[in-house]
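Since the structure comes first, as structure tokens, the remarks are kept for the end.
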Amino acid sequence: MTRYHQPAPELVIDRWFNCEPPLSIGALRGRVVVIEAFQMLCPGCVAHGLPQAQRINDTFPVSDVVVLGLHTVFEHHDAMSPVSLQAFLHEYRVTFPVAVDQADGSDIPRTMRAYGMRGTPTLLLIDAVGRLRQQWFGQVSDLTVGAEIMRLVQERKLGSELTWPEDNESSAALCDNNGCSI
Amino acid sequence: MTRYHQPAPELVIDRWFNCEPPLSIGALRGRVVVIEAFQMLCPGCVAHGLPQAQRINDTFPVSDVVVLGLHTVFEHHDAMSPVSLQAFLHEYRVTFPVAVDQADGSDIPRTMRAYGMRGTPTLLLIDAVGRLRQQWFGQVSDLTVGAEIMRLVQERKLGSELTWPEDNESSAALCDNNGCSI
Amino acid sequence: MTRYHQPAPELVIDRWFNCEPPLSIGALRGRVVVIEAFQMLCPGCVAHGLPQAQRINDTFPVSDVVVLGLHTVFEHHDAMSPVSLQAFLHEYRVTFPVAVDQADGSDIPRTMRAYGMRGTPTLLLIDAVGRLRQQWFGQVSDLTVGAEIMRLVQERKLGSELTWPEDNESSAALCDNNGCSI
Amino acid sequence: MTRYHQPAPELVIDRWFNCEPPLSIGALRGRVVVIEAFQMLCPGCVAHGLPQAQRINDTFPVSDVVVLGLHTVFEHHDAMSPVSLQAFLHEYRVTFPVAVDQADGSDIPRTMRAYGMRGTPTLLLIDAVGRLRQQWFGQVSDLTVGAEIMRLVQERKLGSELTWPEDNESSAALCDNNGCSI
């Protein structure tokens, strides 16, 4: 009855805003990680995705849930440079950590490619042992997101008092010195 | 570390809409019960509370979560009779079961009084063993509601595969032939 | 170049709320009259029509524009009695005058029939000489409503300093001691 | 009874998007001109100002009302270059003409300074003879904007069939070969 979930690919990042030192999925093991993949000139990200990420950040305690932004630029690269992003984050009062996905010479940056994202906004939920549990492209309701985040929080809390067998296995494969990866 | 939660007072109902036969908290044991206490002429209920209840109803499977409306009229009694309520439910396309809280000769109807509600809208969350777990007066965000509902769903699912000691005790006290009560 | 506009049928009213003494279209000659025809249990009226009417009331000076509500009940008559309406107006803080359209033994009340309304909400604009100039069924944008109201206000203001020939004719036919009528 | 209105300062523009050839207030004489001054990274502009400008553009016939955007960057200049603006206009589907206000070596660009704007968004209404009639900083309701635009449209239409004395005077001063200026 245990479904198998893929380990979440590690973030490959050029630069971080709103955090010091750099974060990684591996370093956040033990907490649920919510990643909002966005582009600063994507209307759906600005109107829906980022405000929802900020609400998640403001609703759950950081000891349970960590919210990250991921700037996955796959078009208009000149228009969405880190300089523009920094001004954007300042003006839109985004307070959670935001990472710039690393270009690989193609239009699609590395982390975006690793997750097979179809576009922006994409919302990722990663559980406390580093497995990718949800990946939504486009809008998803707050009710659903709140419920799915709590599902992962509760798994951890209720599971850790008991035994959670599949964790022990998968955790070995998930992380090395550089963070967690496939 | 186990917090004590009060058993949810049983509903005292004059009449049901959208369901056959009548429901009770006792009869819904095993599922999470969400109750939206409202008045049909309460603007906050119409604009926020009831649409949120409908979204909850549409988001969670009825095998896990049951949504009920509770018409707790404490003012303008002549204006919010069951005849008016029936038209209201029809026009607003409320599809989940709605109960009319029973008057006791005072302004405050019986179930509203039993829960110590401060007004409408009030949203109640009752867990799968019949305990009152949340009672919000006024607006509460979808993120929080979604998370708190899933907390109760997960307790049941994860708990029932293990042992959930406080359930066995409290369940005895919660229910009799007439439903669940203190 | 002068288009012919029908005189607005006079209101046939059972009862007024929020005003003393009763109003009529005839008595409001010289001002633009905006009428929001609604039913208290019509979701589109509650969500859009009435808030828009209140915004109109709050935006334009009453010396230029008078906003009236018209309760045109054509279904669920028992559920939308004057007693229910009074509570509704109180709870929804409707401050402009509201008239109850007079039943004629059929489902459709008299004023609603006289205007040939197709349902609720319907927004009527009547110019300063009592002619029906706009009749919108359903939603209409604030931009359009604001513009069309000002069109009528400006006609009056700019027109009255000049001569406004068609007024003199039509005004004779519009009004008698009982108000203005066809 | 005639109030004096200032001639609207002419636009001083580096570059136009969505139009060919360049526009000017002078060249638009005879029509009402609505100018939305914005910055692409100003949240209030993106959420309210630009959608309102687009609605105005879609509501009024272009023979009566011309809507222009004016990119008045006074902060984060590197982040809001014309390259970034072009991508922004594409992604946000802004279809009306947009001008880039010309820098003068200070933080405040030339047109913004000439109008004494306090920030963005600022909405300007210019009448058919080139006078500045409204200048709103921040949000203003669609009802008010619709009404004030129609006031200017009607002045023109009703006025031109009569005589509109102050126009003749002021129009002489407003325009030369280069457009209209003070």
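Letters are used for the chains, namely A, B, C and D, taken in the order the chains are written, and counting of residues starts over at 1 for each.
Keep in mind that, in the parts below, contacts are C-beta pairs under 8 Å (C-beta built on N, C-alpha and C of every residue); 3 or more make two chains touch, one makes a residue touch a chain.
These numbers were taken from a predicted model, which means no experiment stands behind them.
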item: Chain pair equivalent in interface to C-D, over half of contacts matched, among B-C, A-B or A-D; value: A-B
item: Chain at maximum distance from chain A, centres defined as averaged CA atoms; value: C
item: Where chain A and chain C are represented by their mean Cα positions, the distance between them in whole Å; value: 54
item: Rounded Å distance, chain A centre to chain B centre (Cα mean); value: 35
item: Whole-Å gap between the CA centroids of chain B and chain C; value: 41
item: Where chain C touches two or more other chains, by residue; value: none
item: Chain contact topology (line, ring, star, complete or other); value: ring
item: Complex interface listing, chain B residues touching chain A; value: 55-56, 59-60, 141-151, 153-155, 158-159, 162
item: Sites on chain A touched by chain D in the complex; value: 41-43, 46-47, 75-76, 78-80, 83-84, 86-88, 90-92
